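Here come two complexes built around chain A, the first alongside chain B, the second alongside chain C.
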Partner chain A sequence: MTRPEQRVASAAAGGRARAIARFLIPKILQCVFVIWATYTVAFLLMHALPGDPVLAALSLRGGDATSTDPAELDALRARYGLDGPLWQQYLTGFVGIFAGDFGTSIATGEPVATMIGRAFPHTAAVAVFALVGGFAAALAFTVWAYLARPAWMRDVVTQIPPLGIAIPAFLTGLVLISVFSFGLGWFPASGTTGFASVVLPGITLALPTGAIFFQVFSAAVFDAGASPFVVTANAKGLAQRTVVTRHVLRNALLPSITIIGLQIGYLAGGTAVVETVFSRDGIGRLTVDAVLARDVSVVMGVVVTVAAVYAVVTLVVDGLYGVIDPRTRTRLLSAKAVSR
Partner chain B sequence: MPHPRLRNSRRAALPLAAGLAVVALTGCSSSATPSSAPAEDLPQEIVFALKEDPTCLDPQQTSVTTSLIVGRQIVDSLLDQDPDTGEIVPWLATEWEANGDLTAYTFTLREGVTFSDGTALTSDVVAANFDAIAALGASASLANGYLAGYAGTEVVDDSRFTVTFSAPNVQFQQGATTMSLGILSAESAAAPAEDRCQAVVGTGPFVLDTYVPNDSVELVRHEGYDWASTLRDHEGDAHLDSIRFPIIAEASVRTGGLESGEYDVIQDVPYVDEARFGSDAYRLYAKANPGVPNSLVLNTTRGALADEAVRQAISKALDREQINLLTGSLSGSAPVSVLTSSTPGFTDLGDVLAHDLEGAQELLEDSGWSLGADGVYEKDGQPLAFTVTAFYAQDVLEAAQMQLREAGIDLQLNMVAPGDFFGAIASGDYDAVGAALTRTDPDALRTLLSAASPARWGIVDDAELESLLQEQAQTADAAARQDLVDQIQQLVAERAYVIPTLETVQLHASRSGVEGIAFDSAARLHLYDTRVVAD
Partner chain C sequence: MKLLRRPSLLIAVVVLAVAAAAVVAPQLIAPYDPLASVGSVRLGPPSAEHLFGTDHLARDVFSRVVHGAQLSLSAAVLAVAAGLALGSVIGLITGYVGGAVDVVVMRFVDVLIAIPGILLALIVVASLGFGPLSIALGVGLGAAGSFARVMRAQVLRVRGEEYVEAARTLGVRGPTVLARHVLPNAARPIMAMAAMELALAILSVSALSFLGFGAQPPAPEWGALVSAGRDFVATAPWLSLLPGAVILAVVLSVNSVARSIRGDR
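What follows is the complex of A and B.
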């Protein structure tokens, strides 16, 4: 026989689980929808592109001797599952991806899963470096700008980070290579071996990433700085450092987390340029090559992978909201109160 | 019977040697230092930056230069061809002869040749290779072109075999010198096409160690290699212990890396950077691709291009010297025939292809065209305009566009992806295509223009040309064939079915401490004699 307080406790726990589920399940469904929608749109776009994927793949290795014999092309089309009606290719491909089978690249003959598995860590390393580096730089510049006196000095400091996004990554990359690889010899100019190879491409992408972070972060910091609670904190004589870390920065953090998802979208495109300049095997370059070669299975594999990463990160960010933002936390708690 | 090659090559040697002498003089002025032995105190290893991912390493399937630069080191061919004289010499086969009507070729293999996996080279392996190529179909289109009409390989014994064809095949002998018909191990030949793209085993002086797509290829020396052709500078093992080919897509990174010492050799120096590497600290390697130069290849069934006078006017309106100056290599020369100066059998037709703006306009006016208000010729209200479909060398076409506009001809460019270019070829939906056809035999013109060719680009209805093209493909006698090839070049240039624009030059560079990089007859590289002689 259960005692009343026990029942209350378990009801409270069940209520909280329900509240969290109510908070999370729509977001997970949204996640699945994003992946499905991206797959579908990408599939339609790939098939709307003019050109024959088999010919495009053959011309990659056939060069000027590429065969245009219709019978031979049909045979290859059948071999790569490109011969059925469109809806059938769509279904087979989609079901295959969920069964873990990404198919085979027509252009290179390699399994798509192998190609993505090889390229993904290289891109992830650069992207993480760029996110962390960009965030740290944005933080440093924001604090500097916040503390800078007089006002014109502050204006100067706030004008520096936007340069990071104004200079094309292509140019930054080449300048970094000529100075730090060819000039000083500190970092390799190409390849994917070791941490050293991540630094220059990472910095190249950290600049625009940091600029975006700075834009959002500094606006939030200056907003917070002008708010009544900071005035109060200053008035009651708290040290500047305590005011900045405990009151200003903490309140300014949320918008920066919000744009991480967008940053990942930006990085997915930005890596294509950086991976070309730094000759890295990565997702961006893989995608560009695959689109040019009309390599449907590779494009679809990459699109689904990137969409999944994007969706998962967004999900995690949304989850973090619940932890960081007191307002969301209260909503969850009040949901608990209602269920009780 | 005597080998057909001998008479063929002698005839081809004169103009060819002259052309190459020019290339050698202008291109390799920086490599005046005498050749020396490999330095004993330096590691015999080089880093050779490639410009793109090879995509497929199997030389039987690919015809892309980058891939073949790697493939040539791994795979040997039955025969070899002297790039200077066109003479064909033994390699994996010590003797060979063709029957009178070129439908059967009998080879004798060299003794003691082994693949890098330890298996021996036998007639059965060669037969398996040729059978596999036939089965690959469209995936090995160039190799299948050389094997056109392949009926089978009869194995006489372990070292003798006869390759038979259902129809005369004049290009097979030359084809046997190419990598397209390079010999792979029995296991490689039996593997699926996709697997062979990732790894192949050959008898070559180097062995594939690793291939990481989009990243790098590494080769190591084939220990015990002892069957180089007589065209190489030494015998026995290759000088280099290993070669690393990083894939560096960005040209400025390749050139910067050569200057900073990160790379020893780089592929494809942009022509604009050529002067940077003219000093004694570097060596430049330049060779014009053999075959049909970069050209406008016309569809004569469409619009104004059906009119011979229009075609001839287009050809005369082009100033090829200027195009070469604007867009070509310093080591290159303007095309003077519908075959490049580095192709065996090339004939100088500089007078037919001379720049003659007034002559061009005169031709147009005689044919009823009159200059319109916008400076473009018109006839019956139709402007003199046509579109060229191409997938590379946009700068060359832009130079041509500019020159033609001056002459009152409106050339439009349609730059497309490679796949779409061949899509256009397959459907025949184009006025003209702009491209080059790299082949080491004048038979390239038949591939390009014959109505019976499965991969023709030029759409031409000319019975006289067709019969000449077919006849040269069945003529065993080299002098008689050369005579036909001369007539074909003359006819194609005069009737302006193919309008050459530029001879594409393969341009590579190395630091001066690396020696012994040699072009083969198809303008790909041999690194067997390559050695590190200085830091």
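What follows is the complex of A and C.
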């Protein structure tokens, strides 16, 4: 026999678990949908556009359809999963993703998953540096713009961060290399060796990342700045520093977290250029080399990986958001109350 | 006049006018042949006769940049046009038809928007092969999703208006209503967006050309010029930095004009 308070406790725990499940399951399904849809779009593009990937890869290696034995071509197709009817290629490819099998690279003969797994940490290091650096810079500029007086000064400050997205990444990279590698000798100009080699590529990608963060930050900060609770806080004579940190920033930071998913997409595109400029190993270089070799299985693998990272990060951010923001939490709990 | 009160917009318009002139008649602006050596000075620094210096084959870099405008800018314009056309068709149909078609197609449009534009373009280049045309199509496909979304929103806004209702009551057929009434009223926001997308397209096209997927040498293309200069960045940094600065100036100018079309300050 269970005591009543125990029953209440377990019912509450069950209710919470149900509420969490109700919150999470649709989001996980959404995650799978994004991966599936990305795979489908990429697959359709690869097969709707003219060109035979095996022939294209062969021709780059010096062979072609006429000089290669048809039986050998068929064997190659079978090896890379490019044989059989399209729907079958489509299905086996998609099922393979969830088993961690991305197929075999046409150019190197290695499993695509191995190649991606090897490149991933290098790119992640640069991406995290860019996210943190961009976030910090956007925060600094937002506070500066918020506090800047007179109005024209604020206008000038708010004009600076958007430049970050207009500068081509290769230009930023080359300027940084000329100044900090060849000029001052502070950081290596190329290579994948330790933290020092992450700094310049990281800064290059931090500029556009920061510009995107700033857009969201500054809108949220100026919104919050005009809201009743800030007017009240100012009116009751709180120090400006307290008002900014406690009331304005706290309310402005949360929405910006939701765009991290968008940033991941942007970074995934940006690494292709940055890793080429700095001759670094990573997902971007892997993709560029794969496109140069017309290696469709690697390109496909990278696209699906990026979609998966994007989907998982979005899922985690959504989950965290529920934990951090008391308002979302209340909504969760009140939904539970209604369901009882 | 509006232009004279805002010097930054005036500068932007002048930059774009020069860029347009370079596209139409590069030989009038470029002092030298972009493909021929013009002397014996290799990797020469910027000077009065060679504004951007000379490259490793002693070609005049300024002339190459001027001639490069044609390939780079027309690829960007083509990309935006392709994205605009594809996106508009999707947006018009989903917005006007509504229902299940709308729901399903727009989910795919969301995914199209979520896939980074460069990756999408790389898929297209991997399947179609290299060249400015595949780059343009790839970048255009990346922009199509956003265009579809904006166009759909405009169609939904206009669809409920009285003149559209009136036309439909009078028995005007669907496609005619779309072409005559819905499209013209949705044009302004779409045009503002096209201008914004043009700036992004110039960046993407030059990035892809920098990566070596564009026109093959010796044809001049902006991204490829920066990439070619990269090998000499320690000794002759101007070779890549000056063409890069030209790209930046054009992108900023397009942005500035786009903002004024949208009606911002």
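Going forward, the second predicted complex is superposed on the first by the 315 of 340 C-alpha atoms of A that agree within 3 Å, B and C clash if a C-alpha of one lies under 4 Å from a C-alpha of the other, contacts with A are read in each partner's own complex, and residues count from 1 in each chain.
We take it that contacts are C-beta pairs under 8 Å (C-beta built on N, C-alpha and C of every residue); 3 or more make two chains touch, one makes a residue touch a chain.
Predicted model, so just to flag it, every value in this text is computed and none were measured.
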Exercise. Does chain B (first) or chain C (second) touch A:T108, or do both, or does neither?
Worked result: first
For this session: Return first, second, both or neither, reflecting whether A:A140 touches chain B, chain C, both chains, or no partner chain.
Result: neither
For this session: Could you look at A:V316 and tell me whether it touches chain B, chain C, both or neither (first, second, both, neither)?
Result: neither
Exercise. Which of the two partners, first being chain B and second being chain C, lies in contact with A:M153: first, second, both, or neither?
Worked result: neither
For this session: Name the contact category of A:A272: first (chain B only), second (chain C only), both, or neither.
Result: second
Problem set entry | Which of chain B and chain C A:V231 touches, first, second, both or neither | neither
For this session: Have a look at where A:L292 lands relative to chain B and chain C in the superposition and call it first, second, both or neither.
Result: both
For this session: Could you tell me if A:L174 is touching chain B, chain C, both of them or neither one (first, second, both, neither)?
Result: both
Exercise. After superposition on the shared chain, which partner residues are touched by A:F182: those of chain B (first), chain C (second), both, or neither?
Worked result: both
Exercise. In the superposed view, which residues of chain A touch chain B and also chain C?
Worked result: 50-51, 53, 56, 174, 177-178, 182, 189, 276-277, 292, 294
Exercise. Quick one: in the complex, what on chain B touches chain A?
Worked result: 53, 55-56, 61-65, 67, 137-139, 141-142, 144-145, 193-195, 197-198, 212-216, 246-250, 252-253, 256-257, 259-260, 262, 417-423, 425-426, 435-438, 454-455
Problem set entry | Residues on chain C engaged by chain A in the complex (per definition of touch) | 107-108, 111-112, 114-120, 122-129, 141, 199, 203, 206-207, 210-213, 223, 226-227, 230, 233-234, 237, 240-241, 244-245, 247-248, 251-252, 255
Seminar exercise, completed: Given the complex, residues on chain A that touch chain C span 33-34, 37-38, 41-42, 45-46, 49-51, 53, 56, 162-163, 166-171, 174-175, 177-178, 182, 189, 261, 265-266, 268-270, 272-273, 276-277, 287-288, 290-292, 294-296, 299-300, 302-303, 306-307, 310
Seminar exercise, completed: Residue set of chain A touching chain B in the complex reads 50-53, 55-70, 72-73, 75-76, 104, 107-110, 115, 118-119, 174, 177-178, 181-183, 185, 188-192, 276-282, 285-286, 289, 292-294
